[in-house]
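Look for chain A in each of the two complexes below; its partner is chain B in the first and chain C in the second.
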Partner chain A sequence: MTNQNISLVKVRDTVLVTMPADPDDVTVTTFQEDVLGAMEKYRPKGLVLDISGVETFDSFFARTITETSRMVAMMGGQTVITGMHPSVAITATQLGLTLGGILTALTVDRALDLLAHPHPRRRLR
Partner chain B sequence: MANKRKLKAATAVNEMKGFDIQAFLAAIVESTDDAIYGKTLEGNILSWNHGAERTYGYSAAEMVGRPVSVLVPPTIIDEVPQILERLKRGERVDHFETLRVKKNGEVIDVSLNVSPVRDASGKIIGASTIARDITEQKKLREALTQRAKDILDISTPVLQVWEGVVVAPFIGTLDTQRAQQFMERLLDRIVETNSSVALLDVTGVPAVDTRTAQHLIETITSVRLLGAQAVLTGVRPAIAQTLAHLGINLADVVTRSSLAAGLRVALDVLHLKISSQDGEA
Partner chain C sequence: MSDLTRGNVPIKSENDIVVARRVVRDVATQLCFGVTDVTRVITAASELARNVFLYAGEGVMRWCTFDRAGAVALELTFEDDGAGIPDIELAMKPGYSTSRGLGLGLPGAKRLMDEMEIHSEVGNGTTVTVRKWLRK
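Now for the complex of A and B:
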């Protein structure tokens, strides 16, 4: 039995969520509920989703992340995904799970920078 | 059956030309470069051609009557009974690559074809072995494999050019294997160097086809998933034309015509600015 605990911490005006290594469907569903609960309770400006520990990434998880980020946006928050492992990124790309439209950052630090200075990459093109 | 066919052909030739077919076949065996020798089912040498003399260094006089195991390195001596066992069951051993020892102690790579020899009644009475020295061939093959690996390694370097910026110059065409390796290396380097911008330079790519473009897009997508930004640089007119004609959508990708222009984008992302020493930009 692997540890399926989601850690959810409020830091200033951001909520930091850390996912376990091998999230199953129940964990993924719980993640969405927990995040929306936190959005209601703390009214943060941003949600940082740290998946640096995640080793398996499936379509349900990908869809839930995309969905949740939209819900978070509706509640006034910006989602940033951080710490995806290279091998996970390759698999996700090959499976077509590209999390379009969601901001990504290498580390939690960068994610917080991104939230402090919103949309730097939108200035490009 | 094959024997019968051979005999028939031999008889026909005999009648036509009137020469000794046995002597003719023996001459073929003698003149070849391959080592050809006969052995009993116990593994004792019965015949030994010139090719065998050249390959192993033993003369026919030295080898006839001796066990074949004198040619086998002690570490793999178990091979001999295994091969003999298969022969007794009437099986052939084809293109078996193994090691043998020459008279002077030198170990060589050989490729063996061993087949059972039957008498007129079909009983297996011995075996014939055709051995070819493939030492050089094998060395070449290994050198080629190594070279291919080297090329794979050197042709996909990932360089950190500034804190937070890596450059990956693409050289040559991208097949699936190279693309995969390149992608892994690039992503690992991005994490290692904590770089938020990766410049993928395609100046050294002669031509882009649909598959190469697909690999590029996959790489760019993976880079984004990691949390970094990929910039495609070195897009020359010819490549831009092909990409447009192939209908490949690079709308979500930042592209620049030169690496220098890409570096400017990278510095922009990092909120950095290059200025001349007298204060002008």
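Now for the complex of A and C:
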């Protein structure tokens, strides 16, 4: 079995999570529990999910991420996905995936800006 | 990299989905597919390998590369001895799923690849073959 670490760092009012390049299903499931645990522990305003290392964004991964962002929203937090590669964006769109209204940002910097000054029209549904 | 013409990956656990993705990445990269096509093929393989694990419990991914009239293709075949698909047309409908999934695996994989064939018989398993041609 592979043992892949999810990096999870608290930065001011935010929790920054970095996904490993090729996460197995167990890692993706663990990610959900880790993130919600961090929400309770650190009480951040939001969650920045950095997927710049991720090469395979399949339907299982997308489902876990949209579900997690909904759970984070239920707890009172905002999720921003950042760092998606062009090839991943092309593939995910052709596969038919949507991110169900999760905010996205090109860089971690912009994701932090977005959480600090949320745009009123771009709220999580 | 071992034999560059054919091989197979048994799919018996969730971790084998990762192994299948890695093998496909290596083969597609060595064939000189562009980064977007490599990502497409890996993602399609991930969906189809997960289907094998999810619906049949186990199976195998066979891969091969071949040449036809000077064009090079990567072919992936996913075989299982599971329950089979009663209605392939319905299974190809985006959003249709008999599990908790999004129902994007089969139709999505077809869009990501150039060709797809499904052979399935209720009680006799399923074989899904997909192909991607290398564009020059």
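We take it that the second predicted complex is superposed on the first by the 116 of 125 C-alpha atoms of A that agree within 3 Å, B and C clash if a C-alpha of one lies under 4 Å from a C-alpha of the other, contacts with A are read in each partner's own complex, and residues count from 1 in each chain.
Note that contacts are C-beta pairs under 8 Å (C-beta built on N, C-alpha and C of every residue); 3 or more make two chains touch, one makes a residue touch a chain.
Here the structure is a predicted model, which means the values were calculated and not measured.
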item	value
Clash or fit, chain B versus chain C on superposed chain A	fit
Contacts of A:Arg63 with chain B and chain C, given as first, second, both or neither	second
Chain B versus chain C as contact partner of A:Glu33, first or second or both or neither	neither
Contacts of A:Ile90 with chain B and chain C, given as first, second, both or neither	both
Superposed model, angle subtended at chain A by chain C and chain B (C-alpha, nearest 10 degrees)	40
Partner chain in contact with A:Asp13 - chain B first, chain C second, else both or neither	neither
Touching partner for A:Ile81 - first (chain B), second (chain C), both, neither	first
Touched partner set for A:Thr104, first chain B, second chain C, both or neither	first
Per-pair minimum CA distance [chain C against chain B, superposed on A] in Å	8
Overlap of the chain B and chain C footprints on chain A, listed as residue numbers	85-88, 90, 92, 94
Chain A residues touching chain C - in the complex, by the definition given at the top	1-2, 22, 24-26, 55-60, 62-63, 85-88, 90-92, 94-97
Chain A-touching residues of chain C, taken from the complex the two chains share	14-15, 17-18, 21-22, 25, 35-36, 38-40, 42-43, 46-47, 50, 94, 101-102, 104-105, 107-109, 111-112
Chain B-facing residues of chain A, complex	81-90, 92-94, 98-99, 104-107, 110-111, 120-121, 123-125
Residue numbers on chain B that touch chain A, as the complex places them	180, 183-184, 187-188, 190-191, 194-196, 218, 221-229, 254, 265, 268-269, 271
